[in-house]
Amino acid sequence: MGDVKVAMIVQKPQYKGETSRLAITHAISYQTVEILLEDGETVTPKLCFIGEGVLGLQKGQNAMELYGITSTESHMKNTLLVDLDVLVCKEDLDKYGIPEDAMPNADEMGADKTIQVVPFAEIQKAIEEANHVMFF
Amino acid sequence: MKLGVFVSDFNLTVDTLDRLKAEKLGIILVQNGVYHATTKVSGKASSLLDKTQNLYVLSDDVQIRGLKVEDVDKRVKVVNYSDIVDLMFNDYDKTAWL
Amino acid sequence: MGKLAIGCFPGLVGNMTFDFAMKLADAAADKGHSVSIWFSGNATGSVKAHQKHLKDYSTGEKPLLALIAKGVEICTCEACTVARGVQKPESIEGVQWNAMHWYLARVHAADRVLLIGGE
Amino acid sequence: MGDVKVAMIVQKPQYKGETSRLAITHAISYQTVEILLEDGETVTPKLCFIGEGVLGLQKGQNAMELYGITSTESHMKNTLLVDLDVLVCKEDLDKYGIPEDAMPNADEMGADKTIQVVPFAEIQKAIEEANHVMFF
Amino acid sequence: MGKLAIGCFPGLVGNMTFDFAMKLADAAADKGHSVSIWFSGNATGSVKAHQKHLKDYSTGEKPLLALIAKGVEICTCEACTVARGVQKPESIEGVQWNAMHWYLARVHAADRVLLIGGE
Amino acid sequence: MKLGVFVSDFNLTVDTLDRLKAEKLGIILVQNGVYHATTKVSGKASSLLDKTQNLYVLSDDVQIRGLKVEDVDKRVKVVNYSDIVDLMFNDYDKTAWL
């Protein structure tokens, strides 16, 4: 199997526990998996945020100063820099009153990708198209 | 998509199961999820049992809680770990733990 | 037979999600499937050697050793593990140490994947 | 302060996680705390189960055989043997359709105490009368 | 000044409930209160020495050492700790090891008690 | 009884706060509990804010999430760790973490 698609879906908010953070770093690791695969084999994650999972993405996070840890915002920038597809559920952003422009971007770091705010139907589609799904 | 979903809590904090669509949906009740199969709340069976006809509950996780296989709702099939492996490989092509 | 890649995040002692992962892996291996297990988050605490098995607590070490003996491949997230103060020489023999891409590589090869979240 | 009353309230079911079990063993440890206290000083816990916390108490638990661990049922018998007051919320038992006679007892082991199935108001009173409260 | 007895059950790395307990203890000690902390459950993993502090993870060792230096009394549940494979010589210096009644004794002496549950 | 309650989740799995009575009840929002103070669900503020007039939210836990002190509902007082210590010792005689 050449490419294997994985849908990683974060349903819990960031910070209190570790799992929702580890989802992001696991997705980012797709970048180096080739060293363990044969030529032409790839893993392509789509990182999706739904439900309360959309809460912890907002810009302006102050994690390093306050708690001495990398912020989720900074992780999200890294996902964009390594060209990951990041889908955030529009219905859930609306539900919680979070504007789309509160989503982090990595424009100033030269990222081509941006966070894609999409209807849940798009995330359903990503789950359907994936070979495997992981819920965090 | 044939999706097998593991449910391990009674009181779910996510509404993902209400939103996800699958041509074939299986719900495998494990850990505290087994209460969906055994326990009515104010006389009413869990609404989870209405979501699909493909319902399974892990026997060990029923019995460790002092519940009996006879307590399990008739719609739910009692399975063991080995059955779950077969379900995963034969009946569903993706599995999720919510 | 098939290949099963399990990812397990919740911790070991008294956390019965961990026990579930162990028993599922065992049942799959008994049926002849090839099984790999990835530990991340709190589950990495389970690779510490010399766990004392008290009756009040489930243990990580015994089922892990039994699974390794059955040919189940087990790998712990190095960063998560050293962050918990556990170094490789202190860990259970036979457990692999690697980075998160190890899990993605096993997922690539797998027929079925089960990622067990939770803290 | 001679006696210190502690209300320990379990709101989560047994087994999946560890906290609801540790509540019980912490309560039982009141029995040996005197070695760390002055003469005449005591700690008196009341162990209360409310909400989903009442689910994991039922008789006939098969934990040692199936998972190699002590059952909550066995822990509950120990609480009675060491004369702890155990209060279980009647409204919640009713809500989940659990009969009172499903509660474990330690009669055959000679315990004087039994589990007390009480209205929530009694548990509220235990919380009010306690010097400290702990929710598990 | 008062006496505060904190009980903490949730684990350390990336679990910010643990961080909360550390910061609350620190603030109370700074105000001159006498503080004792009891670790049970997953939080006992925090007493393992030589935790590597990676930027992605909060650490248990640094704040614990800082609190001990400030006179905060810290004790880990021995059973929970050895069940996780951590022996006393492997633990952070200055952390006490005892049974659950240690916590009840500190609760007896305390003016205020905060028991932080969660896994 | 003067009871100070810490709430650390947005989606609560226990109804204990609905049942507990206290002459003086304080709610201290920490961790993911801060969303009760900052975030409306479908335009509606959290019902937790109606339970008492003694509402507090931990500033650090607001800021780490990219939220601003200005986002906090006017009924909720923004506090730091040191303030919480004072609340525990001076304003309440028992504290609970739900």
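To keep things simple, chains are lettered A, B, C, D, E and F as they appear, and every chain counts its residues starting from 1.
By our rule, a contact is a pair of C-beta atoms (placed from the backbone, for glycine too) under 8 Å apart; a residue touches a chain by one contact, two chains touch by 3 or more.
Everything quoted here is computed from the prediction, not taken from an experiment.
Contact with chain C and chain F alike is made by A, B, D, E.
The chains in contact with chain D and with chain F alike are B, E. The interface carrying the most C-beta pairs in contact is the one between chains C-E. Taking shared numbers over all numbers used, the chain C to chain E interface scores over half, which places it in the same class.
Rounded to whole angstrom units, the spacing between the C-alpha centres of chain A and chain F is 29. Chain geometry summary: the mean Cα position of chain B and that of chain E are 38 Å apart.
Chain A and chain E have Cα centroids lying 33 Å from one another. Touching two or more other chains at once are residues 8, 11, 13, 31, 60, 94-97 of chain F.
Shown for chain C are the residues that touch two or more other chains, namely 13-17, 41-42, 56-57, 59, 80, 112-113, 115, 117-119.
Touching two or more other chains at once are residues 12, 15-18, 22, 25, 52, 67, 132-135 of chain D. Which chains touch which is summed up as A-B, A-C, A-E, A-F, B-C, B-D, B-F, C-D, C-E, D-E, D-F, E-F. Chain A makes touch with chain C in their complex at residues 1, 4, 6, 12, 17-19, 22, 25-26, 28-33, 35-37, 41, 43, 45, 132-136. Contacts from chain D toward chain B in the complex involve residues 13-16, 52, 55-63, 66-67, 71, 73, 95-98, 102. By the touch criterion stated above, chain E contacts chain F in their complex at residues 2, 4, 16-17, 20, 23-24, 26-28, 30-31, 33, 111-118.
By the touch rule above, chain C contacts chain A in their complex via residues 7, 9, 40-42, 80, 99-105, 107-108, 110, 112-113, 115, 117-119.
Those residues of chain B that touch chain C in the shared complex are 6, 8, 30-31, 60, 80-82, 84-86, 88-89, 93-97.
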